[in-house]
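Each of the next two complexes has chain A plus one other chain: chain B in the first, chain C in the second.
Up next, the complex of A and B:
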């Protein structure tokens, strides 16, 4: 089972103005792949999903499910399953009728559909709730019921439109696990939409990052994190997001490129891709940046504006001449907010992007290859 | 600001604060909001009801001041009067027919207005128009439209070939009742539409989407989502419209005055004639009292049978 999207385009007309929601995108989702569309709100990810579902009609383009063109197939004939942000249980039906409803419209008799509803309710660990109404359930129980409703029949693929965004953090983790369990069991393609990049990174086999109706980058979580195609993907994936420092190429010789930024020179191993005087953008992940109070030690100096706790680490924000740099790899204890510090990072960790197009020119040798990732503190 | 001015402002503030405080007192608030409504209800509804109830045990002539106690004599005469029973059955035909038509047409119109299409607002305004127009005006308009010699309806029907000749809608024995049913439904259908539409718009669209994706056809969605969600309001609408149409008087009085040959003489017209043609106010009061008791009985059965507390599910 696969889902293929060919040059999908969707525009809305509101009065005289035409709004472009999806700008001709291509996707290919493998047989049992967990595929996530991620991006800021209004980027077209939900519209894309709704086009696949058939709830929106594409302006142009083609959608194939199992090599069958379903672009003009009615949504109730596509054999897909979908989960919604507001869960969308039927408030006037109890849990067992909610779960069994897809079977009811398939003309399966009451006894058999209740039997199968009970089976999936057991699977979702909600067998004691069958007689209750959605209004009497907790958020987690509703989500479990909604999942049960999608797996009671044998859909060709699962579509999920931000199903976790209304849940609290703890419940998110719990339901996330359930969704993955269901995905692994069903061995069907799952298309998952979220605005939360960390959710995307932790759940997906592959991710497409969208912005303004376009796909900015597609890849596995590792690929997107380590070798982002452009500054948008680099900035969107990873939290806190990557630091960008504008610079200029000042020299090219002997396989080395010299980039000047904020009056500092960086020598990068690079043979082609840039010319002298090219505007470039240096990208460096906060996880790779350290801050020390010795102002002579590092690349840039600046005022330590803020230190905050992010999980088990401290995040430092340093004011540098033309912006700020965030650092998450702090080793020195006793750093004080407001003091002058310098920013330290390894030239090997630099991503280099074209200053005009934002396309990637060079990535660091992947962290995993260097076997360094485990040594971060 | 002079001292005098500031004192005046102070006084004004104190006065305003005092006003707010006294208005905020529970009994003052209750008095100001509930008492006027209660007073109107008492004088316009309750007193006439009690008056009619009392009068039904007396012989009350329209032209004489004294009441003569007759006990249950009025009721005995009425229940032995074939005209009462036939008028009652006509009331039931009229109420069931017009409520049925209003509920079906009103719900259909609500479903239509719930979709988006061009000129939706215009259609909604036009549909609302008959409801705002006074019954008397609407009835006279309907009379002209249905006129057997130059009414627009006859003209259209004949010109399109649907009928061969001009019909006396309100004047022929077989057409009069259906005609008054349609005319009164023309006015009150939008009442059903307004209430049903409000309910329809409160159904979250994602429920329909969820059903669609899981395979439900349009018909499935209507049967399994729309109708169950409308059950509660339709229950109330049928009850209210049933009571109101059962007691309807003005439209029929103007359209047919109970004719032709009493074919549209529903119970309210019968009561009116008893009072103002036979000048027998006591007996008319007895008719009204009987109708009242019948309606209360029907309402109790209705509530008991349909158990609205279970049907009306509020999330």
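Up next, the complex of A and C:
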């Protein structure tokens, strides 16, 4: 079971203006792969999913499910399952009828469809809710019912449109696990849409990062985190997001490139990709940045604007000439807000991006190859 | 605030007392309104039981002392049962036609991609602004040409023209409150478009349909202008027209008019009373 999207384009016409939602994207989702589309609001991720489901007609392009062209097939003939953000359980049917509804549509007789509905209800641990109405269920119970309704008819693939975005943090983790359990059990491709990069990183086999109707990068969570293709992916994946420092290439010799930023010079091992005087962006993950009160010790100096607790760590925000640098790798105790500090990081941890196109030029040796655990968040 | 002014005094009372007084005031307003609304109905009911010779005695006996069914007997001697039957057919026809057309049309307007549909939906309301008398004269001419004058189907069609615009607009509004994702999810699950409409959207639109049927029933049951122009022979008459026949050249048969009016009003009570629990049930269904 695979899903292939070929140069999918979708435009909406609102009056005289045409709005481009998806700008010719290509995707290939392998059998039993958990594939996530992630990106900011309005990036076209939901439109892409709805085109796969058949709820939107592509302006051009092709959608293949199992090598079968379904571009012009009605949604009810595609054999897919979809979970919606608002869950869409039918309020006028009780839980068992909701779960059994896809089977009813397929003309399966009442006894058998109730039998199968009970089986999946057991699987989702909601057997005691069968006679209740959706209005009487809690958020988590509704999600479980909705999942049960998607698995009951053994679809060819699962599509999920931000199903967790209305849940509280604790419930999110719980339902996230359920979705993954269902995915592993069904061994079918799952296409998952979310705006939450941490959700994408923790659930997916592969992720496509979208922006403005385009795919900015595709890869495994590790690839996107450690070797982002461009500044957009680098900034979108990871929380807090990567620091970018504008710089200029000042020297290039003997396999070394010197980059200057804020009057500070960095020597990086690099043979090609840049010329002298090129504008570049230095990218550095907050997880790799330390802040010390000794202003002589670090790369840049600045005022410690804010220090806040993020989970088990502290996040420092330091004002530098053209912006701010976030640091998550704080070692020193007793840092005070408002004091002058310097920012410390290792040149080996620097990502280098083209200053004009934003494309990646150089990545640090991956954390896993250096024997360190990638610090995913 | 000090207790010197009346308002100040009022706010110094305990909250519970204020709430009680407030409730009593509200009930008082309600009671006055109720008396104003119900008194004519009571008077109608009382008059229908008063013997004809007492009708014009002064002071008017508001409570019938020697009640009699004389007026009802006199009414039943006319064609009233036939008119009753006609009215039921007429109202049922208008309600059915209006509800079906408004539901399908409202769904189409809410869900299908029709150019200028918003403008269209708003312009529909213009149809409701025409007074029936303005419509019924061209209708008379037109209906006669196509040969459906003086027939119940013809008058049902004509009356539906007056009830449909507002009903269509109401259903259009109502379907917009039913989330589209219900139908979309049904479509992905395997429903055809019509199945998604019939099994998912329609049950959720039930309160709207009931509102439309009550509205069109109220119009049809009390309709006078269009039936009086389109129904010419008194075997096709509806009750409202029959009622008018009790006004004779030199006298008005008040007792019989009131008795017939009572018979006319009763079904509306039952219709609305029966449907109101569905309205409440319908509202519960749309809430998740």
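By definition in this document, the second predicted complex is superposed on the first by the 372 of 377 C-alpha atoms of A that agree within 3 Å, B and C clash if a C-alpha of one lies under 4 Å from a C-alpha of the other, contacts with A are read in each partner's own complex, and residues count from 1 in each chain.
In this section, a contact is a pair of C-beta atoms (placed from the backbone, for glycine too) under 8 Å apart; a residue touches a chain by one contact, two chains touch by 3 or more.
Only a predicted model underlies this, so the values are computations on that prediction, with no experimental measurement involved.
With chain A as the common reference, chain B cannot sit beside chain C without a clash. Residue contacts after overlaying the shared chain place A:12 against neither chain B nor chain C. In the superposed model, A:88 lies in contact with both chain B and chain C. Common to the chain B and chain C interfaces on chain A are residues 53-55, 75-76, 78, 80-82, 84-86, 88-92, 101-102, 105-106, 134-135, 149, 153, 159. On the side of chain A, the complex with chain B involves touching residues 53-55, 75-82, 84-86, 88-93, 101-102, 104-106, 133-135, 149-150, 153, 159.
The residues of chain A lying in touch with chain C in their complex are 53-55, 74-76, 78, 80-82, 84-86, 88-92, 101-102, 105-106, 134-135, 149, 153, 159. Against chain A, in their complex, chain B makes its touches with residues 204, 206-207, 209-217, 220, 224-225, 228-229, 313, 315.
Chain C meets chain A in the complex at residues 179, 181-182, 184-193, 195, 200, 203-204, 284-288.
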